[in-house]
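Two complexes come next, and they have one chain in common, subunit A, joined by subunit B in the first and subunit C in the second.
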Partner chain A sequence: MRLEDLNWQYRSRLQRLAIWFAWLLTVALFVWCWNLMTRDTIWLFVWDAPTQAADLGSRMMPPRWSYLPELMQPLWDTLNIATLGTLGGVILAVPVAFMAARNTTPSRLLLRPIALGIIVTSRSINSLIWALLLVAIIGPGLLAGIIAIALRSIGFIGKLLYEAIEEIDEKQVEAVRATGASGFQVMHYGIVPQILPAFFGITVFRWDINIRESTILGLVGAGGIGLKLQSSLNVLAWPQVTMILLLILLTVVASEWISAKVRSAII
Partner chain B sequence: MLTIDSVGKTYGTGDKALTDISLTIEKGQVVGLIGPSGAGKSTLIRCINRLVEPSTGHIYLNDLDLVALDQNRLRQQRRRIGMIFQEFALVERLTVMENVLSGRLGYLPFWRTYLRRFPASDIENAYRLLDRVGLLDQADKRADALSGGQRQRVGIARALAQHPDLLLVDEPTASLDPKTSRQIMRLIVEICSDYHLPAIINIHDVPLALQFMQRIIGLRQGRVVFDGAPSELTESVLTTIYGAEDWTNMQKQHEDDLDSEADATARLGALRS
Partner chain C sequence: MTSRYPTHWRKPPQILTHPVWRPIIWILAAVYLVLAIGSLEVNWVRVSEGLERGWRFVQGFLVPDFSSRWTDISIGLVESLTMTLTSTIVGILISVPIGIGAARNLSPAWMYMICRSIIAISRSLQEIIVAIFFVALFGFGPFAGFLTLSFATIGFLSKLLAEDIEDIDESQVEAIRATGAGFWQIINYAIQPQVMPRLVGLSLYRLDINFRESSVIGIVGAGGIGATLNTAIDRYEYDSAGAILIIIIMIVFAVEYSSSYIRRWLQ
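Moving on, here comes the complex of A and B:
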């Protein structure tokens, strides 16, 4: 083989053709979808949108500051829903995670599928829907919100925690087992220290998400600041809505800051 | 003391790791297990404390058949068998002291170890062991803050905290530099003679084995092909154990190491003068 005959190309002719054709298909698909999407659009309303937005904006401004004291109690409720809900979720998620992890499950054929089922069920249903169901079952109020948050958190914490358990260094576990330690001692000395940073990181992360989620649970009657938001929306009290949104924004920023601090302190 | 009686191990995949191994180890004897990687050294010592379940045969520690024990009685016997690992296998995020005290887990109920309420005598003994391995001032450091040699010393202290009747040592120096390797090996051998402890030491480094062992067992493809004193370990025996090509390579490697060490010493000498 002579060096002059070698001809390097990034893609072969056939590959180039295939890529060009793929682009063509994408553009055609986009045009078709656009037509389908805008079939029922009333364009008059869309052209009008900036004016409408400006109008709503002017009615929302300025926020009604005097409404603030009235919001403190529901805000406290919201924080409690998030925190107690996270706590409940953690307590329920830890055993589920140990049952779901391949290397710690007591039974691969029975308990592991059950644990995975719990995780999937909890994750696939949004907090708001859990809250709707629970308000119907146990009536409106904080308790429904707390349980909704807890049920939603099991899946999230359980999944991330069982993945952390599966990634541990088995040599450390083997060494503890070799000393003659019992099953729980092996877990406590060999596994727990290895997953503790992940555990705290996951918990604080979920708490941060739960604060955001608990602000809207009131919309379906599960207590907290969402209740105020709903009643303000119902009477078109826009300045109050602005006030509530500002407060939620502030709370979320604060919780995010706390969770970032805690996580960087652990790692 | 320890009798291994025709032990075999076949893994689930059908790989035969050990075939018909029979050995007796007397009290206070330090035995080096040599052989190429894949010869079954690790499997053999793990069969003794049943981290790996042997497929056939019996293993007697003080006339008690370890293979026949149920889980509970196995745990009681594991307490008497200290193990030292290749990559130290310390619980990285626990302190040095907690790692040493974890050697006591088998003797204590769960709640005491959960609350870290170890008996005063255990703590006193742990300090004595840390002093023996030269780490008394490191007791409250986290294990992952130590150097390789220091970590292996913690591993030794943890094994001794069990008050073992037998030490199983799996490639104790494979993750260490040559100088630290010799220090660690010397420490293990000294401790064995202090406590009159028998030990089985997996070791891939033949010169190190020749230097420190009282008896050497050579394993090849899961069978014992040599059992005798280091002085009986001739060129031809080593060729049987390792195969001609590998043994020549190992020798060459060792000579290169010696050469470069001599070179380094010479250069250092030149600097000083």
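Moving on, here comes the complex of A and C:
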């Protein structure tokens, strides 16, 4: 027996060939996509980037601290967009989640596909696009931002909540039903207590994401601190941009901290 | 002698067990709501005028127009798809070493600190804000979008990969180390097989997110279908905008469905 035959190998020759071929295909696909993507790229601008970055950096520093008091009102608006938007999203998402969950849906053939369709539509469109649409429809302002956040939140909260509803312990529902409880009482005593912690966790998590997203909604005119960012960018007031970005960063970190605290307190 | 049992049951409080806190929280929430809604300035005339336009948008969504702007839509779509694929691949290639560096059980403390701060920077900056800067530095077009999405992928994938590596079964590492394996051999034979299925799953999930984000960053000039959508809404061409939204929803749905199928097939 030759020594090579004793050598153990994890995969057979054919498998190794298939894996090698898959890698080749990936590389080819990447190169093809890269060429297609950079067809119209002006490489002069790309190679110029380090000098541009140095230039931009020198313009952005130091941040304009005196701009801070002017930012307090937009910051309050941003917090309101996120909080009221989350509230609206929750109110709309709860019925959708109950319709979408396999064990609570009133009709499996009609309402469940509709509810799942609402969830998919809301999830696949980013809140900035919702805001873009709503600003065109109902005009710029906080209301457009709030509705955009609410519409985007339906999908997220609805999906996580209906998965939580599907995972409940059916025995408790059965026990409550066995006492002769009505449909509403079964919901109140059998289902709601089981999903309540998940519900609060999801809501706070979404609120945290919404704070993040509402800071930029102003870029398309939907109010909040993004409006100031847009106007500062338009007049190339880079020290103000730095100030706004610092404030956004601080807000995001604070909301993440609050959300983590609340979630660890609940669960 | 018959003992009397209570006939009424009240649910014990779950989260705030102290009786003083509950009314305080409710009052604070009510005060906040009054203040927040009071600070909304809604131009109801404008909103009611917008409802007619909103109805036209709904009609455009129901009767989408794919043909009249098809060249613009297809260019945007090709940019979005190529951007998504290339940025996901580049993001994975960069985030694997960073993820290994950010795992506490593998790397020295200084390396851990460097990699964790890269992750923190990438995660705290939003895609849109990063895109604004990359457009300013590298010029308009999908190349800036590609860089933005790669940058965002690094924060997401490295963090989850690092957490996954920290959770592995240490006994397998010990077994491989006992054979006298070096650092790279430990990575290859003890860690990679344990984290690979999850890494593939996360990469597919990130592909899905990158496509969704690629439809947004076009609004600030970073290429992709978002730019086309922005133009369509600015021109009040709601039927074309409806067509673009339907395409986005279909692709997100297809990517999500196929990635969940592949993930199930891998496990």
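Worth a mention:
The definition used in the following text is that the second predicted complex is superposed on the first by the 237 of 267 C-alpha atoms of A that agree within 3 Å, B and C clash if a C-alpha of one lies under 4 Å from a C-alpha of the other, contacts with A are read in each partner's own complex, and residues count from 1 in each chain.
In this section, contacts are C-beta pairs under 8 Å (C-beta built on N, C-alpha and C of every residue); 3 or more make two chains touch, one makes a residue touch a chain.
Since the model is a prediction, treat every value here as computed from it, not as a measurement.
In the superposition on chain A, A:Pro113 makes contact with neither subunit B nor subunit C. Once chain A of one complex is fitted onto chain A of the other, the partner contacts of A:Leu56 are limited to subunit C, with no touch recorded for subunit B.
When both complexes are overlaid on chain A, the residue A:Gly88 reaches neither subunit B nor subunit C. In the superposed pair of complexes, A:Gly190 makes contact with subunit B only, with no contact to subunit C.
Put simply, more of the residues of subunit A are touched by C, taking subunit B and subunit C as the two choices. Once the two complexes are laid over each other on the shared chain, residue contacts for A:Asn80 go to subunit C alone; subunit B is not touched. In the superposed model, A:Arg177 lies in contact with subunit B only, and not with subunit C.
In the superposed model, A:Pro239 makes contact with neither subunit B nor subunit C.
When both complexes are overlaid on chain A, the residue A:Ile129 reaches subunit C alone and has no touch with subunit B.
In the superposition on chain A, the residues of subunit A contacting both subunit B and subunit C are 189, 193, 196-197. Contact residues on subunit A toward subunit C in their complex (touch as defined above): 26, 29-30, 33-34, 36-38, 40-42, 45-46, 49, 52-53, 56, 76-77, 80, 83-84, 120-121, 123-126, 128-129, 132-133, 136-139, 141-143, 146, 189, 193, 196-197, 200, 212-213, 215-216, 219-220, 233, 245, 248-249, 252-253, 265-266.
Within the complex formed with subunit A, the subunit C residues making contact are 11, 14-15, 32, 36-37, 39-43, 46-47, 50-51, 53-54, 57, 78-79, 81-83, 85-86, 89, 124-126, 128-129, 132-133, 136-139, 141-143, 146, 212-213, 215-216, 219-220, 226, 229-230, 233-234, 236, 241, 245, 248-249, 252-253.
Within the complex formed with subunit B, the subunit A residues making contact are 169, 171-172, 174-182, 184-185, 188-190, 193-194, 196-197.
Residues 49, 51, 75-81, 83, 85, 87, 89-94, 98, 102-107, 110, 113-114, 155, 158, 162 of subunit B are the ones that touch subunit A when the two sit in their complex.
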